[in-house]
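Here come two complexes built around chain A, the first alongside chain B, the second alongside chain C.
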Partner chain A sequence: MLIGAIISGLMFGLYFTLVGLGLNLVFGVMRIVNLAHGDFLMLGSFAAYWLFTLFGLHPLLAAVAVLVVFVAVGLPIYYGVVPRLLVARDSEMLSIILFFGLSQVIEALAAIAFGTSERSIPGRVLGSGPVSFLGQRLPSAWVFGAAVSAVAVACVYLYLYRTRLGTLTRAVMVSREEALATGIDVHRVSAIAFGIGIALAGIAGVFAPFMLGSVTPAMGADINVAAFAVIVVGTLGNPLGTVIGGIVYGIGLMLMQTYLSSWANLLPNLLLIAVLLFRPEGLFGRAVRRA
Partner chain B sequence: MLRRTLLSFAAMLSFAVQAQAQQAPAEIKIGHLHASSGPFASISMPVYTGLKIWVDETNAAGGAYVKAFDKKIPLKLISYDDQSSTATAATLYNQLITQDKVDILVADSDSVLTSVAVPIAKEHKQFLFNPTGTGAAFFIDNPWIALIADPVSTIWPKYAADYLNDEGAKAGIKTVAILYSTNDFTGTQASAVRGFIKAAGKLDIVYDQGVPTNTSNYTVLINNIAAKNPDAVLHLGYVGNDIAFLRNLQDSGQKFRFLFSIYPGIETEELLKNVGPEGMAGVFTYVTSAAYEYKPEVGWTLEQFRTAWNKANTGLNFGFNSIAGYTTGLVLQETLKGTKSLDQTALRDAVFALSGKLKTLDGPFVLDEHGGQIGEITPLGQFTAEGKEVKLDVVYPPSLANGKGVIGK
Partner chain C sequence: MRDARSVSGLRRVFGDLLLAGVVVAVMAVAPSVYSNQLLLFNFVMFLTLSQGLNVIYGFTGYLPFGYVGFFGAGAYGFALAVMHLHAPPLAAMAVGAAAALVLAVILTPLFRLSGAYFAIANLAAAQAVYEIVSNPALEDITKGPYGVSLSGVFAPETSYAVSVAILAGTLLLVVWLRNSRFGLSLRAIKEDPISAAMAGVAVVRGRTIAWLCSALIAGLVGGAFAWQISVFYPETAFSAQFSIFAVVFTLFGGAATLTGPLLGVFILYGIYNTIGITVPQYFQLIYGTLIVALVLFLPNGLVSLLTKRGIRVP
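Coming up: the complex of A and B.
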């Protein structure tokens, strides 16, 4: 059972890397906490559900559609909200309040629009039967989720380290003021990062019906808690550290389910407390974040 | 002389009747909570909507007849949204009692959101009409509560356990795994079924674990259960848990000889949409009034209510919780018909007086001395797939069975 829990946790954790990746990118670039992250993920789930139900669109194609639409939606949200936040004295705290409000609005509107019933997409869409992996039988959806997550991490890496825009993004992550002083269009860079951030949440949402059983408009809050644990463990502001955070979270969750199942939902909180007490800079720490 | 006496008596009687009519309230306030969002929304909204359908129907007929005032009085449903939060619910229950001063208090559905209503109602000596909160602790040393639309949790799994101990043992079932969500509703059922199995002494429980109610992935848990090689698996969770469990079970490729799950029989439409007929085929479950036609003596039949539900165009799936909301309304209706006043003690007496005398589409309404529901039982059923649909037959107890259970090889 131990080996099974670790391998399952590894795959499940890779999916949670995708869940936390966008949140960490937004925090890293803008130093704002997007508490509506889980709700954008929920919207991605419903987008995939409706695209499949109405048009029979495969989740992989739905993920592409969600990527495009969510980036496009993210840009006006950024320009409408974030610049005003960033000039405030305590932008991090204000962002928590503002995005909490946005989260409530999105959930309420989604409940009105979609109803409160559970929704899901048949598992066979991502392949029938389990997949054998290192001697363990895992659902095909987990392999898809993990693979898409790996691709997303690779794309974010390439974006940050192999493109000019990525270089500018990293400059803003190091120091917004210095980036501004050197003539970088900070808002343009940040707006694109914000759009990518919520698009990553949306893509994670596309696979949520497979990874989390079903989706409802209320799922955002639980997702936020898990996503925060992932990015705090993996180092706040370091998008690539999210991989480690996701894997630690996934393996930890599966071990808890195996040996202390009644207490499994305490894991995100325990991880947060442990990291904040013993390694507040996260597992990757400041050095990597600024590299 | 006689004529004068009769005239004055008639005048006094008329005056008394008028005075009584004047004392009758302009409306009867029914206080209720519902969850339009959060994890209990999918359970709570059908109950609220079922209750609202009854209120609208009653008001369209001029209101509810109240014996105490010998007239029909319109109903006013005051229902706040607790958003599935127990903290919010606690505030709102207090508001309903102390600010809105409702005549009748109806709890939100399910045990979690009812659990905060119980001590508040008890403290204020306000009788709590409890649609579906089945936690056994609610009824201990508490004269201010009655369970209206489903049985107490300790009774729910009796037929499932009896079937396993009886037919299951004959078919070679020897070991059982129990996986449950840690909340009042399913935790109490787990405790009850554990007790039934141990008392019979025919089966061994080889896996017995609780998981948080917000658990959404069961793959590792299913693999862990399979590692114990049980013949029978009982999964006791809420609707979201059941959807995730049954989907993960399908995806994992694991099979168990006997599989029981709660919500396929309670919210069949919702489970069918999410799990599919192949995921529900062979699953044992509770048979509620949504799938078993009881002959009502009061209110609509199952089909009549289903028609009204569809006409209301609620956007919600029809299921047991829809019936629970409507049944709660019917019990209120009969309570008001029999109560001597709107005083809480009189309401309590009127509810208990209905016990054993009321039959609705939800079955016979019978309360034990603590207010626990023991009449609206939950027989054991089993699904078979029929194309894109499923069929649910009652397989136990034999007195109600309309099909024979099939235990896997």
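Coming up: the complex of A and C.
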């Protein structure tokens, strides 16, 4: 039972890494808190649901479509609100309030358009029968979701460390002012990072019906807390630390569900508060305290 | 010079008190004119909650996104005292207020976090309290997710009167904060905590007092809410809607003023009750858009339209 919990925890850890990664990228580059992150994830879920229901499109293809569309949508959102925010006196605080408003708008529009009933995609779409792994039988949809998450995280790594734009992105993360002074087009780099950030949420959303169960327009708020727990555990503003945060969170969640199932819902909240209070730099971070 | 200043100071205090008195008087006589008492109670509740949030957000800049945690603690403190101790309602309200204060004391370390982190941690804390209260494992104590029924103490007129009294106390507190040395020191901390500390302002003490006052107000309102409706579920008492509305109403009117949150409640909650009940999504859409527009174009709320022109608003 313990090994089963740890293995499924690793699977979910990879998935939760994907859930938090976009939020952390946006925070790292822009120092703003995208409280609508969970709602972009919800939109990804509904995109996958409708593409599957109407056209029988495989979630993997839906993920590609979501990636393209979300990056394209992210750019105008960035230019519409973020530059105005960044000149404000307390941009972090204002960003929370503004993106909270945006999350309400998205949730309301989704509820008006799709209704509030729960939607799901049958798990057999991602392969039939359980997969055996180290003597554990796991639903193949979980393995698929975890594999896609791992690929997406690897792609973000390659983008940040192997491309020119990625190098510029990391420069902006280290210091916005110095990047500006070196002649980097900070707004262009940030806008692309914002687009990628919400696209990652969208891709996580595509697989949410398989990993988290049925989806509703109101799911965003819970996702936000989980995503925050993941990125705070794995050091804010450091996208790759998110992997550690995701895995700690995934294994913690599975252990709670195995041994203390009635209290499992408390985990993200308590983890978040405890880490913020006792190790605000994250479990493995060594950066100075920003919180 | 000194006299002139104190005369204009007195005039300002008088203006603030007049506004507070008019609002309390209107809400006190309203039930004899208008029959939907539950709706009036909701108005009083949101007027008080918005001002309670104003105490901590307007005067210290810390935004408690999980403000409903104190409200829910007050409601459940009231319910537990009635169910298990068979306490009379007023004593049960004291228990609810104490529960909110205890929660606030437990959460005081969150002030080590700066703005955005404080807001998120506070939200997580409110959800954690909800998860504990609604947990089926605690059914013997809190009735878990199945809700509580306090029909034995149901007294809508009395609980309405008590809620108006809480509103009066809260408005007085805000008037005092706006016109006292202590309130001024809080705003100094909000502007620049380091300079304030160097000027001899007790930063930690000031914030903590404002925090406890704010939590106490929410706890008292929560107790009055439990008393007024007498049958409720954990997801009612801990509904994120309470925090959201209090934040939106305060922002809309303008924080750190007496008028702002009042305007926010009367205008927005008034609109909500004419259009919102049938299709809540439309109201959610409207206030979501409002928040975005406010942050971008009017971050200091409606009253800033006047204060920017040098007109003093109570």
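The working rule: the second predicted complex is superposed on the first by the 284 of 291 C-alpha atoms of A that agree within 3 Å, B and C clash if a C-alpha of one lies under 4 Å from a C-alpha of the other, contacts with A are read in each partner's own complex, and residues count from 1 in each chain.
By definition in this document, contacts are C-beta pairs under 8 Å (C-beta built on N, C-alpha and C of every residue); 3 or more make two chains touch, one makes a residue touch a chain.
Source: prediction; values computed, not measured.
Q: Following the overlay on chain A, give me a clash-or-fit verdict for chain B and chain C.
A: In the arrangement built by aligning on chain A, the partners chain C and chain B clash.
Q: Tell me which partner A:Val73 touches in the superposition: chain B (first), chain C (second), both or neither.
A: neither
Q: Once chain A of both complexes is superposed, is A:Leu138 in touch with chain B (first), chain C (second), both, or neither?
A: first
Q: First (chain B), second (chain C), both or neither: which does A:Ile96 touch?
A: It touches chain C, and chain B stays clear.
Q: Between chain B (first) and chain C (second), which does A:Ser8 come into contact with in this model arrangement: first, second, both, or neither?
A: Once the two structures are laid over each other on A, A:Ser8 reaches chain B alone.
Q: Could you tell me if A:Leu276 is touching chain B, chain C, both of them or neither one (first, second, both, neither)?
A: second
Q: Go through the superposed model and pick first if A:Val105 touches only chain B, second if only chain C, both, or neither.
A: second
Q: Using the touch definition from the top, say if A:Met211 reaches chain B (first), chain C (second), both or neither.
A: First partner only, chain B.
Q: Please indicate which partner A:Pro122 is in contact with in the superposed arrangement: first for chain B, second for chain C, both, or neither.
A: first
Q: Which partner chains sit in contact with A:Asn265 here, chain B, chain C, both or neither? Use first/second/both/neither.
A: So A:Asn265 meets both chain B and chain C here.
Q: To test your reading of the overlay: chain B has the stretches 4-12, 22-30, 40-48 or 94-102, and exactly one clashes with chain C. Name it.
A: The answer is stretch 94-102.
Q: Which residues would you name on chain A as touching chain B in one complex and chain C in the other?
A: On chain A, the overlap between the chain B and chain C contacts is residues 107-108, 111, 262-263, 265.
Q: Help me check something: in the complex, which residues belonging to chain C touch chain A?
A: Against chain A, the touching part of chain C is residues 61, 63, 65, 109-110, 112-117, 119-121, 123-125, 127-128, 131-132, 135-137, 240, 244, 247, 251, 281-282, 284-285, 287-292, 294-296, 299.
Q: Touching residues of chain A toward chain B in the complex: what are they?
A: By the definition above, chain A touches chain B via 1, 4-5, 8-9, 12, 107-108, 111, 115-120, 122-123, 129-130, 136-142, 211-214, 216-218, 222, 254, 257-258, 261-265.
Q: Mind pulling up the chain A residues that touch chain C in the complex?
A: Spelled out, the residues of chain A in touch with chain C are 33, 81, 84-85, 88, 90, 92-98, 100-109, 111-112, 221, 225, 228-229, 262-263, 265-266, 268-270, 272-273, 276-277, 280, 291.
Q: Can you check the complex and tell me which residues of chain B touch chain A?
A: Those residues of chain B that touch chain A are 36-39, 41-42, 45, 84, 182, 209-212, 214-221, 223-224, 227, 239-240, 243-245, 247-248, 250-254, 270, 273-274, 276, 315-317.
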